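Each of the next two complexes has chain A plus one other chain: chain B in the first, chain C in the second.
After this line comes the complex of A and B, so read on.
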């Protein structure tokens, strides 16, 4: 019976794919850290440093720096996910009981989540582009 | 391979004997002992019934409100009664229906979907359920005595701290905190269930979409509920001990409550929405007769929504005067969350388009729910735009919006789920004809009721006000809403009649009545208490469709654990990613211990409401003893043999410890939740610093740095002693083990006292200002954790002395060590904040 499928997992290195599950949440975590850092920087700056009419140029610069770092990491993760997803000749829906398809599905999810995280990160950054004061 | 291996049964008699033993092990207790059941099918069923009962109660409250608002200047309810009714309606629907129903359905069905015999901690589920029932009855009962909370489901201070002196607010804070215990218990159960109790072969790319959603939701509960618990703690301290956390005149800030509440409150919306969408994800492929399109995209949607939903909380606070930049980023995130939400809807539509759709009431409710939810989602994007929100805030527009989201996104899918799963649970089918009547009554009634609210809101009708003058011209719209509400209610009555009517003369439904492809449809008709005859090997997302002879093989006991040779309840534990079998887990059977634990735990919260602190303390001690007895007798028992043949020639260990064990995961997950509550308190500390110039106040020396340093160093030593104890236990050095434990206990006590000594010697009066108050909260929080650490040390020593823990069977000390990692981190952060930050801030 179905034992053959469960035992042909030796195709790829086991440690690799046990850790690769964490890849799924890396990009959204980067979004979360970027989001929180941007929010806290703005909140603390506006409460402690600036009057409501003063420009928040320092915050804009800081968030720009956060954004560059975040997008670079997200892009890297997304690229890694994309490579996993395209591994071999596998095509969607990645529903075989093989290690290769498991790896491809994790790759696909990683890739898609990094796209979403990139969009959400840029959304956050755009706010700082458009709103320049603490008012 | 063992000669008795069931994959090669010697004949039908042999198989019957196996099946009989299995049945005996899982038999549901009868007569009054029925209530001692802990199996997922009983607890899940009770949970569903109890949640629906609270739902009906909340619904009746809604009708009372609609009667009151039907005509201008109505006096059907007084202002006070109206305040109680709308507060209870919101609280009941969110805390006693929407969240519990997801836990209920998951406890009932998740093990079946995973081909497991039960979830890993059945007694924890039962404990959570009884906590929920006791807390729910307590909170709901208050309205019959006219003392129900009146502060809205969000309980904003200073209204609730200074202007409402009755017990209503305390009932809300303590009663619902108690229920949140049940939610966190369920989250632990469901996360470990999805990760560790899948059938062999069901690797992560094959798990049912329901399991993905529930995993995400359970993790969200873990990070969303603790901030509310922290907020509840602060507010209750202010109400009973006058510690000024939300009192602006003593440095406090009411806005902190709003942050803590909405860090919980917004993810909460997705916590109730995603499990319902998960039901849709199970229903759609069945009726489209094709696998779900875009499995990976749905995983993206579930995980993505889970993350983004934590970045939206401030959109409930747009009108509190925050800087435009802050408002902007939360507005942007609120727009972004529409992307993953939309993606899953497109996947459902695509599946229905490419499939050959079979008509049914389930599908009607599914489609009605999706259409309604889309409208609510679009008005949601509207109110996410801050300038529009300034206009719509606190008007009936919001009431219309949130009901489209919650009724479309949660209630309709749940009703669809009831029609879908009713035959699997009860063996009888609901009436398609009555179902169609119910659907159209509900859909029409709902829209007639809630659509006009958008208009009355835009015309200026405020929320939470018990009446309105005729001159505002809102009478007609409100009357229409009331008529619609009653049509909706009639729809529910039809549905309820269909569910409750006697079906004695109705033939049993065929097995797998909808011809679905997922494992829960292995359920026999009538169902047997064992869950599945044998735990299958799964190689497809829809094994009932794709794996030839699958059902027959399961029924014939050709897969794993088709027998219970020792007469014990067993299920398989598999690895997190690949679902390779790693343990034969013995799960506990019926008990009344969970009832006592729930009653005594409830006593702590309920008695405290009335300030009967002596009685509450006694109840707390009894709860503590009961839980210790439960742990001592029911957890990590040393098996009579190390390994067991589970069938098909596979031999698995019965006892494992460390990160492979379900208990380790439960401790890890619980401590993540605990850590989140702690971080929420830390957030409070820094919030005060950000928002106020006098924090820490000039002239305050804080707790000093000497005693906190002593505390962190002794706790570090106690932590090292714990590590040593684990090591020496494993090496079977009994004397050294007990020595390390003794050192750990002494050092912990010294550390805990040193921690308290800092603020004590610096005359920090917690009622004088918020600064000493928050320092005391952090200190006491940490000290209580140290006390718990000491109890765990002593527990491990006793376990070893009693022969219940050995060098090899060391789960207790391993899990305690895991707790100590978190304890060390908590202590270090507390000391850095209370002792270190004042040095930097000056």
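After this line comes the complex of A and C, so read on.
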């Protein structure tokens, strides 16, 4: 299969397989986990720990930490996707029936979904930044 | 009092009469503007792309598509989100503990209302919320059956009433007048007829009203009213309705102790006058289909008149 596109033969032989399609879902999954973790932390904190003034500064700190971790992972995945997309050449659409183009297509999808997930993760974090109480 | 009866009854969130509603209306206008802006730019670019003939420069195309279709909307949405979120803490902040606290329960298809007047004291009424102007009021919301939602659009946001849980809402009316509240969560047959009156009054008037509410029902004056009280007892109305100061102590239906002073009947659906009350008692299900009060079809005209006379003078 790799033989069909000569310019990228080396690269493809080296990795020996088409990039896994699972790359595409990593960033959205990180967003989902970040979302759940943030709201679960808030729910548990507010139900079990919060004192009478109902402030939730600890939750804000925790969510900030989750956000840093999530954004680092998403940025890493996005960067990896971007690199795959540009493998050899960056011209889209990557719609040749070749392993190399499939690889670029997955790279591009991964990259775009990483951008979306980063925005979504930041939107989630903003809620906690602005609403610092259990009310 | 006349202005209350004649004036418009506002039920618009865009005609705010409370601090919360003002912020919500502001937010609405910003959101609308942001939405229109995004729409104009996206549609404008689409029109440009199909109407301008010839080959478009790829570089420019890319910039316009990514800039106008993704970056610009994201920036607008992010600023709207920040603006909206920044508004939340103040809206959520409970009213000061020293202020008024009112319990409201959603019951299919009416509202049980309790003013907390002391440590363990409450005055109960129904289907009408009176509030002092320029004071933040804390509502504690409950449900006795299914999920309802408590909403006075002119005063502020809405909050669900969930069985087995207490939710809360702060409202801060800043204009005297009469408004309409509604149930905003479908709850069965008569959901659309589950409304209530909201009357925002000057503090002194409100204090007087609350003192009056704390009193037991007044003694019936006049022959018809006295007969009405007797009939109210004999026909079993008291099994479902409370009239404080009498032996009617039912809790299935609304408290009627000061029913005559209420502006509407049947949970905000009809003006409270003798004609409507007659129809309510004798043809209950024509007025409000599904309602959980039996129609008293067999009452004679005279009996009906008496009961109506009795209830209307309970102010």
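Couple of notes before you dig in:
Here, the second predicted complex is superposed on the first by the 113 of 135 C-alpha atoms of A that agree within 3 Å, B and C clash if a C-alpha of one lies under 4 Å from a C-alpha of the other, contacts with A are read in each partner's own complex, and residues count from 1 in each chain.
To be clear about the criterion, contacts are C-beta pairs under 8 Å (C-beta built on N, C-alpha and C of every residue); 3 or more make two chains touch, one makes a residue touch a chain.
Please read all numbers here as calculations on a predicted model, not as lab measurements.
When both complexes are overlaid on chain A, the residue A:95 reaches chain B alone and has no touch with chain C. Applying the stated contact rule after C-alpha superposition, one finds that A:119 touches each of chain B and chain C.
In the superposition on chain A, contact is made by A:127 with both chain B and chain C.
If you count the residues of chain A touched by chain B and by chain C, you find the higher number for B. Looking at the shared chain after the overlay, A:46 reaches chain B, while chain C stays out of its contact range.
In the superposed model, A:67 lies in contact with neither chain B nor chain C. Judged by the document's definition of touching, chain A residues 119, 123, 126-127, 130-131, 133, 135 lie at the interface with chain B and also at the interface with chain C. In the complex of the two chains, the chain A residues touching chain B come out as 1-3, 5-6, 9, 17-18, 21, 24-25, 28-29, 31-32, 35, 38-39, 42-44, 46-48, 52, 56, 59, 92-95, 97, 99, 101-102, 104-106, 108-109, 112-113, 116-117, 119-120, 123-124, 126-128, 130-131, 133-135. Contact residues on chain B toward chain A in their complex (touch as defined above): 200-201, 203-206, 291, 294-297, 299-300, 303-304, 307-308, 310-311, 323-326, 328-333, 335-336, 339-340, 537-541, 547, 553, 558, 576-578, 580, 648, 690-691.
Chain A meets chain C in the complex at residues 119, 122-123, 126-127, 129-133, 135.
Partner chain A is touched in their complex by these residues of chain C: 74, 78, 81-82, 85-86, 88-89, 92-94.
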